[in-house]
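In the two complexes below, subunit A is the common chain; its partner is subunit B in one and subunit C in the other.
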Partner chain A sequence: MKKEKRFSILFFMPFMVCFILFWLIPFVYGCYMSVNKVSLTKGNVGFVGLSNYLALFNEASMYASEFIEALKNTVLFVIISVPLLVITAFILALIIDNLPDKLKGFFRTIYFMSYAVSVTAVSAIFLWLFNGNGGFINNIIAKPISWLESQPYAWIVLAIVTLWWTVGYNMILFINGLNSIDGALYEAASVDGANFLTRLRYITLPGLKNVMTYVTLMSIISSFNLYGQSSLITKGGPSQSTRSLIMVIYDTILQKNNLGVGSAMSIVMGIIVMAFALCQQYLAKEKKDLMEVNGSEKP
Partner chain B sequence: MKSHKKKLRNMVIVIIASIIAYLFLIPLLYMIFTSFKSLSESISSSELLPNLWTLENYFSIFADTTTSPIIRWLLNTAIVTGVGTLLVVIVDSLAAYALARLQLPGKRKILLIIVWVMTIPGIVTVFPSFYLFKNLNMINTFIPLVVPYTANAMGVYLIYNFLIDFPKSLEEAAMVDGASLFRIYREIVIPCIKPVILTLAFITFLSIYNDYLWPSLVVSINQMKTMTVGIASLVLGSNFVNPGLMMASTVFAVLPALILFLLLNKYIVREDIHVGIK
Partner chain C sequence: MNKRRLFVLILSVVLAVPALAGCGNNKTTADENETVKTETSKTVSQAAESDKIKITFLNGFTGGDGEFMRKITDGFNASQSKYEVVESQEKDHLTQFKANGSDLVVIPGSSLYTYEEDGMVQELSSVYKEAGVAIDDFIPAAQDIVNMNDGLYAFPLDIHPLTMFYNKELVPEAPKTFEDLVDINTKLQAENTDIYVMAIPGSGLVEYYYMGLAAQNGIDIVNDGYCNFATDEFADTLMKWHDMIFVDKLSPANLGLDAEFTSFAKTADDITTQAAIALTGPWYYSAAKEIYGDNLGIASIPTIGEENATYGGSHTIAVSSQVTDEEKLAGIAAFFNYLYDPENLLNWADSGQTPVHQETLEIIKANPEKYPLPAANAEAVETAKTGPKVYNSNEQLSYISNNTFGRIVSEENLAREELMTELEKATEIARQIAQEQ
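Our next item is the complex of A and B:
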């Protein structure tokens, strides 16, 4: 058994080395930079305590307004996109589930296909679909709309792009969830004469509770990471209204040359995302408990 | 009577599914057809199909190898995604095997750390990693483009979860026969967990292929760009005013991943993609 122990360490070693080098060290170093004055060109100038963090919330600082604005924009995007991503994925999964077996694979592949397209290619395509001048959509509709230069159209475009690009992945998770629901439940329900909505309410939705929580969580996290679409399609505009958190962090570090404040922004963003995720998980659990309580009260 | 009603219901669903499928396909059809349109047609056309098919866009992107070295970008992408995916699968499956099957010291603590790390958003490590690689003078080399992906706690957890649900009788039989642990791992464990290995390979491939923020930080010269970063520089560059030209280069960014996707997607559509639900 001693030999097995040695072997197990040997097997685990490559991952541990990679993990320490490419996750732990950058993580610790990021925390360290966030309490120092660091720039890309001059390196570390000295310890500054929490002043990088305070700069994010002190209105006199030039970073605060940008950061808070971007935080608002990003949260707005999360609020717009997450329900769309979850509900549409669920509807698509239901459609696939109700198709004749022969056709399921075909449609599932088509709905999931766009997930394999990179965000930059997605942006190139949708830029020319929605471009104000010479864009395909404006060539079709009678009255051209400046999709990318005015609100709410810029958000609508970003929501459509994100939906087209990523909804397939959520749909696959829902399809897997639907497949794991016990078929006998549906049979029993149809013997009892339950209609589609009743089955949805009492069998499908409760059966998908875990998947629903997971999909919502993942959608929240990925929507917070909005970067490629908004930096390439709307370029943060019109008038900075679609500038996301990652865009501001990128500019702070690469344009304004301030790694200290940029690191502090990254960490604050990380904490906010984690807080949202934990809240969502807590709410989902709470609801489950409430439902169980209500259920047990019924005779 | 009942089967008649069922047939009608099926037909309605197929029609709805087809309309949605068409909507999903429009952007890709637009990309492909626009790449065969001339400049004047591509900015004024209100139809998907070209009136006059032309290959001029393809000729000009291949002619201009300073702004759009497509072949070089594809080669870089193949190296980065190929080596990256292989490394991730090897490193993660070895670690998961040690965690799920062997007497690894501190097993429980390690698992706890892995689960915690998965909840920490990636943005926290992106820029510090970039700064460290920059200080090591590794910008514009393949190293930062490939190796950081190996710190993938999610992959370890995915395979670990699959392994602990998997019967170990075969491995035990081999152990009794005196096979070495590495042989058991290579000849019994890997073939047995092939579906989850393929799932991980597929997810890793797509995430490396499609990654934009990280490679755009560690690459600044055109010759070292991946396809994804290359397309971004075209979108932001001068080619962009010509949609036909832009779409022709986008076709090269989309097709390789799409073909691999169509070949492999049947493997990902199964239970084991449920990572983290448990």
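Our next item is the complex of A and C:
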């Protein structure tokens, strides 16, 4: 037994080493920097307590206005993008699930391929498509639009870019979820006269609940981490209205040369994302509890 | 196949078309990165093998001009057997310098004050002496960049001012004044309402636009170590660009990043507007030449304000404050002695940059066919203003560049009071940035 335990620890060690090196140590060091005045050029100037955190919420501080604006922008992007990412991926998964077996692999590959493209290439493509002066999209619509220089079009472009680029990953998760639902349930429902929408509501959606929760959670986290698309396509514009939290953290550390405040921003951002995730988990759990109390719903 | 499956198949094919739209070959970027890494590794490993005193040289010349700087450093290495300059061309070279250091580093002139205040670079009067180079060997604008706190903190390399490219088919002669711009625009618009004399961008090079006009109006925004934008004169400068769009109609409104060049590069049609001139950076020269060939004109920017002036960025070469070894400093002096021999520095002019070494500049002016872009900019650099000498000047200017100027080009009814509120906010941010010193 002891030998088995020692042997099993060996399998666990690679993960622990990576976890410690690439998460725990940076996290602890980040917390340390967030309570000190640190810059790349001058190093650690000294302990400042919570003043870096207070600067984020002090209206008079330049860091506060940038942080709050970026937080609003990022939360808006989360609200816009997450439903799109989840629902579109789900629809694509349903489509593929209903294709003939011979074609499933082919279309699954096509829809997933965009996920393998780098953000630089994706941004170059969409910059060309949505260029306000003679871009491809403006060539085919009736009235040209300044896609990247005005709102809400800049957000629409970022949402479309993110959707096209990342929907494949969520789609794969939904496909795996659909494959795990017992086919006999659908057969029994068909025999009872259930149509597509009824089967979707009473078999598919409940069967995909855990996957849906996971996909939504991952989409929220990745949308909070918006950086590549807004940095390369809109550069945070128009007038910083698409400037995300990560962009502000990057600028604070590398342009304003303030690692202390940048680290504090990162910690606060992590807390906010965790709060969103916990809320989502709580809402998902509450509905499950209610269902258990009330018994399974009738079709 | 039943109807449902057929429908799903057709829908899959329709959705697959946009999904495949982006697939392409981004091998080029990966290959280029690999080439730079290989070249850098090769250079480093060659240096490692030799007994020469190694001098690391970090710069950000990852574009077309990189090969010309490498020619200079390779030439220096081949010219003597005591020192080896190991050059690294990196995209984010200043972050690398802050984190890992380097003996020599190219620093933008506008950032030199910040690096000096942070103690990252050292005073170089003794190196100048040993290199046989005098500060008077450079044009006054360049002397001003490196001369601070009664010392010389870098060697000036070049100034890249806001440059005017013009399409000779639409504009036979380079406009020199604001009135010229208005006349040209009137003629162009009468023939085709999709062709404007210029395109004023909302982001990108906008710092060159508003600081250039401030220079022409003789405005100094520096006040007590930070940029004070909240003055009537500076507000007037910004409103001039606003009025050129919405009152004089010299440019379309609400243009975006790099629009000054992308509009210049286009041909007008129903949905595309074209600009006859581009006030842009000299780095677009190759692209402009490829489009227009012999129909490309190059000149200094017109005088829109009260006097002739321009604004530009600059490159300087500084020595890290960590370099204390006397032999290495002697090697660095030898490198600068080599670099500022006009025969060698003209390699930098071949890249399209305008060196600010006086003797080299005279040769460039005498040979405009060989150095078209530097020769066109030779006079402009004499009167060029560069970034304000304040702590972290790029960040102090960033609110105006990233927020305010975008409103200038897009909001026709932008009220003066609103603009002043923006300028006061920008000034407060600049003041706080200066306090981080």
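FYI, the second predicted complex is superposed on the first by the 273 of 299 C-alpha atoms of A that agree within 3 Å, B and C clash if a C-alpha of one lies under 4 Å from a C-alpha of the other, contacts with A are read in each partner's own complex, and residues count from 1 in each chain.
The working rule: a contact is a pair of C-beta atoms (placed from the backbone, for glycine too) under 8 Å apart; a residue touches a chain by one contact, two chains touch by 3 or more.
Keep in mind the model is a prediction, meaning the values are calculated, not measured.
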Three-chain arrangement built on subunit A, subunit B and subunit C clash or fit: clash
Partner chain(s) touched by A:L148 [first = subunit B, second = subunit C, both, neither]: second
Which of subunit B and subunit C A:A188 touches, first, second, both or neither: neither
Subunit B versus subunit C as contact partner of A:Y227, first or second or both or neither: first
Contact breadth on subunit A, by residue count: subunit C or subunit B: B
Touching partner for A:N257 - first (subunit B), second (subunit C), both, neither: second
Touched partner set for A:I79, first subunit B, second subunit C, both or neither: neither
Partner chain(s) touched by A:W164 [first = subunit B, second = subunit C, both, neither]: both
First, second, both or neither for A:L54, with subunit B first and subunit C second: neither
First, second, both or neither for A:G30, with subunit B first and subunit C second: first
Partner chain(s) touched by A:I87 [first = subunit B, second = subunit C, both, neither]: neither
Colliding region between subunit B and subunit C, picked from 8-16, 44-52 or 152-160 after the shared-chain fit: 8-16
Overlap of subunit C and subunit B interfaces on subunit A (superposed complexes): 40, 92, 95-96, 98-100, 103, 107, 110-111, 113-114, 117-118, 120-122, 125, 131, 133-134, 139, 164
Residue ranges of subunit C in contact with subunit A within the complex: 1, 4-5, 8-9, 11-12, 15-16, 18-24, 26, 29, 95, 98-99, 115, 118-120, 202-203, 252, 254-257, 259, 262-263, 266, 269, 271-273, 392, 394-395, 398, 402-403, 406-407, 410, 428-429, 432-433, 436
Of all residues in subunit B, those that touch subunit A in their complex: 10, 13-14, 16-17, 20-21, 24-25, 27-28, 30-31, 34, 42-46, 90-92, 94-95, 97-99, 102-105, 110, 117, 119-129, 131-132, 134, 147-148, 150-151, 153, 156, 181-182, 185, 206, 209-210, 212-213, 227-229, 231-232, 234-236, 240, 243, 246-247, 250, 253-254, 257-258, 260-262, 265-266, 268-271, 273-274, 276-277
Residue ranges of subunit A in contact with subunit C within the complex: 39-42, 61-62, 92, 95-96, 98-100, 103, 107, 110-111, 113-114, 117-118, 120-122, 125, 131-134, 138-139, 144, 146, 148-150, 164, 168, 235-240, 251, 254-258
Subunit A - residues contacting subunit B, complex: 1, 4-5, 7-9, 11-12, 14-16, 18-19, 21-23, 25-27, 29-30, 33, 38, 40, 92, 95-96, 98-100, 103, 105, 107-129, 131, 133-134, 136, 139-140, 164, 172-173, 175-176, 179-180, 210-211, 214, 221, 224-225, 227-228, 232, 246, 249-250, 253, 259, 262-263, 266-267, 269-270, 273-274, 277
